[in-house]
Structures are given as structure tokens and as C-alpha cells.
Amino acid sequence: MNELKRKTENGSVEAEAEAVSSEQKAGEDSGLGLGVLFFIGAFAVCFLSGWLLFPSLLYSKKEQPLNFNHALHVDEMGGCDSCHYFRDDGSFAGIPTTESCMECHESQLGDTEDEAIFMKEYVEKGKEVPWLIYSEQPDCVFFSHAAHVIAAGMDCVSCHGHIGTSEKLRPYEENRLTGYSRDIWGKNIWGIKKNPWDRMKMDDCADCHERETGSKGACFQCHK
Amino acid sequence: MKIDRRSFLGLGLGAAAGVAASPMTWKLTDDISIWTQNWPWTPVPRDGEVTFDNTVCTLCPGNCGISVRKIAGRAVKIEGRGGYPVNDGGVCLHGISALQYLYDPSRIKSPMVKKRDAWKTVSWDEGLALAAEKIKSLRDLGRANTIACVAGSGEGTIAGLYRRLLMAAGSQNFYTMDSMDKTWKMLIAEMHGFDGTAGFDIESSDYLLSFGTGFIEGWGSPVGNFMANSSRKDRNAKLVQVEYRLSSTAAAADQWIPAKPGSEADLALSICSVMITENLYDKDYAEKSGKNFDDFAKLVTEKYAPELITRTTGIDVPKIKSLAAGFARAKAPLAIAGRGRGDAAGSMMEFAAVHALNCLAGNINKKGGFWMTKDADTMIWPSLVMDDAAAKGYAKAAAGPGGSPDRLFDALTSAGEDETPVEMLMVYNANPCHTLHDAGTVRSAIEKIPFVVSFSPYMDDTARLADLVLPTHMFLEMGEDIHGCASSVKKVTALSKPVAGPLFDTRHPGDAVIMLAKAVDGSVRASFPWESYEVAISEVMGDTWDILAKDGYIKCASQPPAFRPGVDFKLLVGYDGPPAPLGDKKKFPLILVEMDHMRLTSGAVASSPFAVKTVPDTILKDNDILVEMNPETARQTGVSPGRMAVVETPVGSARVKVNIFDGIMPGVIAMPGGLGHFGGDNRYIGGKGVNVNELIGPVIDPVSGLDAAWGIRARISRA
Amino acid sequence: MTKDNHGKAYKFGMVIDLDKCTGCGSCMVACMSENNVPFKENETDKKDSLTWMTVYKLTNGKPFPDTDICYMPRPCMHCGGKGDHGHSPCVSVCPATATDYGYDTGIVSQIYTRCFGCRYCMVSCPYHARYFNWWDPKWPPGMEEYLSPDVSPRMRGVVEKCTFCYHRYQEARDRAYYEKRDTIAEDEYQTACTQACPAGAITFGDLNNPDHEVYKLVKPDPHNCGRPRDPKAFRVLERLQTNPKVYYISEREWVRKAGDNYRKGEWDKKNMLTKADGQH
């Protein structure tokens, strides 16, 4: 046996070296195990951060300037179009201006804190409320509300979901890279959607157009 | 346990797999591609409700109605105002660019005082106090008459307030910039004994004989003329252009008569002679009710028969005869004068010779003819309070006789060391250092004036030489009364209104002068009893104000005036040709003329960035101005196209680039006007090209006393 | 939606009367102002200047005093391509589908966010109607306030061109939807240049609609890819079969002849044919 021979010939020095080498061996044996461990560890960390940390890093949460109770207003005013109406030229007014809010809110109507903020910061100063719009599309998009709501007879819920029955405004989530609202890509980080209003990217528009009109349409139909 | 290569491999692989199994990569790929499509620094204009606000453009005397498209209250575009009597929806490029003037980098943001050649920002109170102090001290010294003011035009209540300030202080030195309207006004006073304004019913005329006017290049009411030109075919109307260069007007005309420069008046008289000898004139009007007709007829038939002037004009006899026949046989023939844009006074004799055609045709105060209308006296000014200093000062003659700014600056230039004919100059809505001929000398004259106040919204060629600037609003930020385009028969009195801003610490020019008068105190203050310009205009305009405030404008009936003043040909009997251009023919064999290009402004304000964008590089290439000449001229002078050359005139010289154009008469070279501006912080136009007015010297007309120059003798050589 | 230009869809086009055009430049500036077209500090250097609408100056090349000039405004021609099937020179080469042909309007689009700036389309356009953004647009301080939200401002590295003010069509359609109409009237959709032209030289409308002024002016031949039947009307570079939707009118023969390259004798032969046609 070579090993034995070496041991006897070189005595303890050799043995010490041997001890090192056997330790090395043991290390080599468990090397794969450690690699796997590292693999699993790194996988877990990256996987979890990709799922959990990444979305919260990618999106910055912004609070709306004041809370708005949609449900209450729908009760008081009727349908969505009493505030979100079409102008006479067929364009969509979108979020009401402070001036149109003041048609009712000339003076304080309720005693909530938000109402007080609204009166003090915006009505009295004649300023517009810097609402953060969940469904804001990028500048290159021309979206015609008239085409969808009037011509195609779609209701608001189809694209905007049940915001009309909400009592509180959820925080607005802005993509730090693109500046888009999270609602465009969808709450789900994979962008998987269950409801039509969960995601509103170009492909979602195109899918619906293909389904409903038989064509995705020309570029200029929705771009400017 | 030891960390080795494999562990790191494991770590890396694990991380990669973990990332891959998470949405991070895919989401980031998408987001990054979106990020590259929407750079955060690309502006996203705010959306909102579309509204329109109407006002009137005052960039040129055309005064078109404009409509400002606003989105969420923010002005985004200027369009023509449909239904407005002057322009009915049409609009020129400068009007459309007006928002660029609003945000012009050369806007003056607050009052400034020049101290040791550096500007120092001051408050309005401080600025006004400085100017008022100067007026007060001059009045105390009994030198009130040395206060002068140069304004763009004399029309309207704002100009009225400036004039009033001068009178109240005690000075006759109020000047307005020359234009063809001044000459026409003098001419009808001379030939018809009529005090009023001349107008041309172009859109009803069926034969327009234009003597070098830039009829569709900015003359008169530009947009109205474009429309009239377009409707010619439908109206079966003719346009004949007499010009030594194929301008856009000449190109659009049915007939182009390339008469030699300076011979236009001779040609007009020659046509007169044919009309008289061939009995093609309105005997009732010209002969029976006219004065001195026989002497005039004798002059033109003896001295200006076509055979005699064919050499001076370069137009052959049959052509002159056919012109006379065409003009005389037309139902509503109309002859017009005023070269280029008509923003120079021009020669009175030339205007008279051209107007003789209208008189011979008898198309005076008729549809499609030449109209004389009384100036509507709508303004009621309260009586002026003049104290001793004012009365004494006002009794002294103006430094520049006849209200000519050229002669004012001439008086300054020729004044001796110890004389100061003008101690203080106020400049409003004018840029004499750029628009007057021999601009270099005007600049030196202004530099001689101890105290110059500019009311300009922009740091322009004149404001930069001022000692104090009291910046006023630009026209979109203010309202004023506007009294139509003089040369048009569509007499419209309008009220403009603020449609934007004010963006900076500027004041309404009317408020500025009222505030200044109040700061002067004493009788000057008493002459300005109004709180503000708004109060002043509502009182001064009287009954008109209520209609203007309600409707925005008043359109006078576009019917020819009912009466027809007779004609006196006396002025023309002494005709000996319009003044010749400056310079010795031998030393300067060529003639340099200014060409007005529609895409460049020529008035007080420099062109906008948009306008510069439209200017072709046969006009301006990088910073070089191009001089236009016939290939023949280039051959004779040895200059080559695209190369630099030096143009020299008796007044100055400039480096230019050569542009060859077949359509210009050999021996004539043309340079575009409206360039070579001091742009201040506006580098889009500032410093580009050369101001042609630095090369052309003024020629004082012996009849009108105004500047009659339209060109100058010149030479060109390789640079 | 029809797949070619012969169906019921709109086919928007423009007719420019060159005898009325005075070369004033209003159309160019109206376009710049309407479409947020940027400008650079040195706009007298035309190499990288963006002008969706450009006015060219043509001369007849004759010496003084027989010289004549003509101004020719040139927007994007919105070519229908060979056979008028929508294969415009630019559309057929775009590798990014950043420009496409709208079969419902006949308008060639340009989507800036989609374009990656290869400039293939610029090479293929025979009319030089396409422009490249070599730089990010920069406005003097405060001037960004006048930008219109109707047209997306561009970024560096993309191509842009005239869109026949498509946003005005979108706005007209919105109004029609709101008023529960299927069609839009002639005057509801007009380009900014048409509206601004003080000479009234530009006419815009639906070339498929015989009631529209553009149709009456040029009488496009539906069986011949919209070739003008009016002898005074012509299209530029007709022989390339790009089938542009911009027509020009002029009474002057040399102007019409300048619209294309003709072989020796070809012009006279063509004119004789037209005259013979007229006699029938």
C-alpha cells in the first residue's frame, strides 16, 4: 500500500500532510453539496426577491392628495357620467376640474378631513387637485372614450373595474423606470389578468379590437 | 467546509435560475423598452378642454383677426378668425408664430437701468422715478422741447397717450415711423384737397396695375390681398406688375412689365399720355372737374409719349400702348404704388404719377377703385393742461421737421459738439435702429442722446442702446383699440384683448405712460386724470367703447364714399422725376434694392424661429445673407454663385453670399430685408445676416420731406 | 374595413392650386405650430431641419425676362403604392411596423414610440417627406407651454412626417360619435395647412366622395389608381406608381411638366393624347 509506506517512511510530518489532504478530500466530497446549498440559497433569495422585493422596488407607492369616496358620490349624483362626462365636442372631460366640483362644493358639504383639505387647499386657492390617474396611458396613445362608450356602447366597468363602488382611493403605484401607472401592466407581477380591467397594454386593446371588429386596426386608430 | 469555485457556480446558477423563475427579467425587459420609447425628458403636454379666444394681431398694419386655441386655459395655437372682415379665417405665418413671440428669449423680464454698460434690474417705481426725474429737470431748465418720442404708428389711444405726454411736458418732438400711408395721406391732401385716408378697393377691381408693390408679399393688408389675388380668376380680374425683379407678385401676375428701376413713374406718365392722346380717359372727372388738366396733358404728351420713354423704361411702345388700352378699357381699373411691403414712405412724385392713372380713369370713390375716406374721429380727449414750461417748450419747433424720424436723427447727427437737440428720447413700438435707412448712423445718433427710454417688450436693436427699459406687454398680453389697415377699404375698428400672461414684470404700454405722467407730477399729472389705461380708453373712445367692449369690432359699411372730391394736377405739372438713388454711377455701377420676403418680418420685431425655419437658403444660409443677381451681373462683376462677395455702397459695405436668379434684371442686385437683427438672448434670428438698411442711405423727398429711398447705387466684388 | 382603396372607406387627399399659391409660408408654420414640430438654434442650416410641409420654389429655367417661378408646397403624399393597395414606398420597408397604411382613411401613419430610427423609410421616400430627429427637441425656457396635447412630441432618434393632421380626424370622429353620426362632414376634418392658407390654394377632403371639392377639382380615376382626369391636374413623379394622394393644379404647362421626368418627346405625345381625350 503506497499510503502506508509513505506514512512509515515520513512519520508524523507526513501524517499531518495526510490529515490535510483527507480533509481536502472530505471537502471535495461535500463540495457539490455546498454548491447545491449555495444554488438553493441563491435561487431562493433571487426568486423571492424577484417575486416580492422587486415589485415593491419597481413601483413607488404614492398617496392621492386626498381621499375620495366614489360610492358616496355615485349615490348622490347618479351614474359615472354626472362627473366624468363628454364635452360638447365629443371629447371626454376625464377627471373633473375643481371648478366643476365647486358646482356642489361651493362651501364645505361634509365634515370629513378630506373635505376640509379639499376646501382649504384647492377650492379656496382655486387650484386643480393633482389626482394621480390609475388608468393614465402614455402620451403616444389617443384613446377615444366616445368610440367605446357611445359608439360601441361599452360600460365604464369593462375597462375601469369597480372603482365606482370604492369608498377609498388606493395608493397609486408608479413604475420607477417607465413612469407608468401599475394598472397598465396589472397588479399581478406577471401581468396575468383575470378581469378585462386588470391590464391595459397595447396587446389588450388589440385583442379586444380583433375580437369585436375583426381587425386590430391601423396604428393611427389609437396612436397620435 | 470550504467555499470553492463550485460554490460560486452554484451561487451564480441559483441566482440566475431564481431570477429567471421570477418575473424580474421579463418585466424589466419590457419596462426598459418602454423607457427607451418615452424618455422622461420628452415633454408631455397637458390635456384639457379646448376653448378659443379672439383678438387682433398687431404684428403688421394688416391687423388680422386671430383666434387663439387654448387647451385647459393654456394658449397652444393661433389660427385665423373666421368671419372677421379683414382676413376671414386666413392668417399669415407671422401671426401663427405669435406664441413664439410670447415666449421669446429676448423678452425683457423687468425694468432695467444701464449702469456702466451693464444692465441692472430695478422696480417699476424706481424706473418710472428715473424717467420722471429726467422730464422734470428738463422742464425746470426750460428745455422741455428736447424731450422726444418715436412711436410705431400714430393710430390708437396708446400712441395718443404718448403724444399727449409729450405735449403735456412741452415738446413737439413726437414722431411715427414712415410708411406709404403717410405719403398717400399727403398726396390726397395735395391732389384732392382732402383730409383723410386713401384706400384701395382691390377685391372689386378688375384690373390692378401695380407699380412695384409687394401686393402678395406683405403690402397693405397681406391676408386680404392673398384672398383678392386668389379670387382673380373667378372675378375675371387682371393683375399687371411693373417691377425690375420677378417677385412672387410678378410671378403671380397675368403680365410682368420689367421696367428699369426708377423709371416706374415715367412709365405711369407714359400710360397717361397714351390715355390722353387716344381719348381713353374720363373727361368728366379728369378734365371738366379737374384743375390744371391741360398743363398736365401738355406735359405728358410732350415729354412722356411712349416713344420718348421707351429707352428709360426699357419697355417698348406697343406694350405701353396695350397697357394703356387694357387699363382704360377695364371696368374698374386701379393703379397702386408703394414698393415692397409699403413700409417706406416712397417718393411723392412716383405716387402722384401712379395716382394720375386712377384720376384719368375716373375710378375715384367708386366700387373697385380708389377711395378717400374721412378719418373717423371717434376719440374724445379731455383738454390738456399745459403750464408755462409746457407752453414755452411747445412753442419751439420740432428737431425733425415734418414728423420724419429720419430728419430727427439727421438733426442729431449734424448737431455741433455743444448742441443737444434731443436730451431725452422715448421709444415705443418702434425699432428705428433697424428699420430706418442708414441704420448705422441712426445708432450713433441715438448714442448721442443723454437719456433714452425704451418701452419695448424685447431687447431689440434700439432697446439695447437705451439707458432705461420699461418693458411693456407683448400684444397677446394686452388690449388696445386698433384702427384697421389704412390702405384697405375695409375700415374696421377693433379692440384686442389679452389672451395670455402677462408672463413677466411688464406693464401695459398705456399704463406705463399714465404711470410715468403721474410720476412727473404737476400739470403733466393733471393731463392724465385716469386711474389706468382701461379707464382712459373707455372714456376716450366714448360711445364707440360700448360697442367695442361688447362686439369686439365695428365694421364700417364697405360702400364707396358718396362724394367725389375733384382733382388738381398741379403737383404733377412740375414733375421732374422721383429722386434718384444715392451714389455716383461710375463708381457704383449697380443698383442695390431691398426685397421684402413674406417669410421675414421687416418691422420692429425680428422674425420668429418658425419663420426662420421657412426661409430658404437662397435668402439666408447659416449666418450669411445672400444677394440676388442675374447670371449676367455675376459674370460682369466676376463673382460666383455660392461664394462670398463684398457689396459696397456710398453708405456702407457688407460681406454677402452670391445667389444667382434669372428673374432679376441685369445690373440690379437685391438683398432681403429684416435680417441682421440684434437678437439679445434670441439666437434663432439674432446676428443672422446683414441689415440691408445699413447699406441704403435715406433720400429726403423734396415734396413730402419723408425718406423716399428704395435703393442705392452699389458695386460688388469677390471677397 | 376594406383592404384596398376601392371600397367605401375614406380616401383623404389634398389638391394644391399652384397658380394660387404665393409661397407665403403660412402652411409651413401652421403645420409646425399644430404638430409640435421642434426647431433648433441654427434653422438656417437646412440639413437637419424638420418641416413636414415644405414649399419648394420651381423656376422655368429661362433667362430674364422670360423667367417664371412657381411655389410648390409638399406635404407627405400618403402614397397608396403600386396598384393603390397600400404598399407605400415607406410602409413596405419599415422593419418595425412603425409606419403603416390606414385602409380606412388612406393615411400613412408614423408611430414615434415604435420607430427605432433606421431611416430606411427616408431613403425609400421619393418625395423627401420624412425627417429624422437627430437631437432631442429643445424649446427656449417657458415655450414648452404652447405644446399641443393632440400630437405627441417626438424624441431623438425617430423619424417624423406629415400625418394629414390625423388628430383632427380623431377629434372629428369623436364629435360624430357623440352626435351619433356614422360619417364626418367635409368641413369637420381639414388639415392645419388647408385651414391656414390665406390664398385658399389648398383643398382637402375625401377623394372617394364625388361631393367633395377635392374630387371635383381633379376627378380621380377609380380604375386607374386615382389618376387625375382633369387635364390641369397632376401628381408628382406619377411614373413611379407611388399613387400619391396629393394632387397639384396649374394652368402653366411648364409647371405640370416639372412634376415628373419626361423622356425626349414624351411630354408632347402625352399632351396630344390628353387633347384627343378631351375631344371625345
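Going by the order they are written in, the chains are A, B and C; count residues from 1 in each one.
Note that contacts are C-beta pairs under 8 Å (C-beta built on N, C-alpha and C of every residue); 3 or more make two chains touch, one makes a residue touch a chain.
Keep in mind that this is a model prediction, so the values were computed, not measured.
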Legend entry - Per Cα centroids, the chain farthest from subunit B: A
Inset, instruction - For the chain pair with the highest number of C-beta contact pairs, give its two chain identifiers. - result: B-C
Legend entry - CA centroid of subunit A to CA centroid of subunit B, Å: 58
Inset, instruction - Could you please state the distance in Å, as a whole number, between where the Cα atoms of subunit B are centred and where those of subunit C are centred? - result: 33
Inset, instruction - Averaging only over C-alpha atoms, locate the centres of subunit A and subunit C and give their separation in whole Å. - result: 42
Inset, instruction - Two or more other chains in contact with one residue: find those residues in subunit B. - result: 37-38, 42, 44-45, 47-48
Inset, instruction - Check each residue of subunit A and list the ones that touch at least two other chains. - result: 89, 91, 138-140
Inset, instruction - Enumerate the residues of subunit C that touch no fewer than two other chains. - result: 113-114, 149, 153
Legend entry - subunit B residues touching subunit C - in the complex, by the definition given at the top: 37-39, 41-48, 71, 74-80, 87, 89-93, 96-97, 99-100, 102-105, 216-217, 222-223, 226-227, 229-230, 233, 246, 248, 251-252, 256, 258, 503, 598-599, 609-618, 620-623, 630-632, 661-666, 682-684, 688
Legend entry - Contact footprint of subunit B on subunit C as seen in their complex: 19-20, 22-26, 28-30, 32-34, 36, 39, 41-46, 49, 51, 55, 57, 59, 61-65, 67-71, 113-114, 136-137, 139-149, 153-155, 195-201
Inset, instruction - Would you tell me which residues of subunit B are touching subunit A in their complex? - result: 1-4, 6-19, 21-24, 26-28, 30-32, 34-35, 37-38, 40, 42, 44-45, 47-50
Legend entry - subunit C residues touching subunit A - in the complex, by the definition given at the top: 1, 97-105, 107, 109, 111-114, 149-153, 163, 166-167, 170-171, 173-180
Legend entry - subunit A residues touching subunit B - in the complex, by the definition given at the top: 27, 30-32, 34-51, 54, 58, 87, 89, 91, 93-94, 97, 138-140, 175, 177-180, 185, 189-191
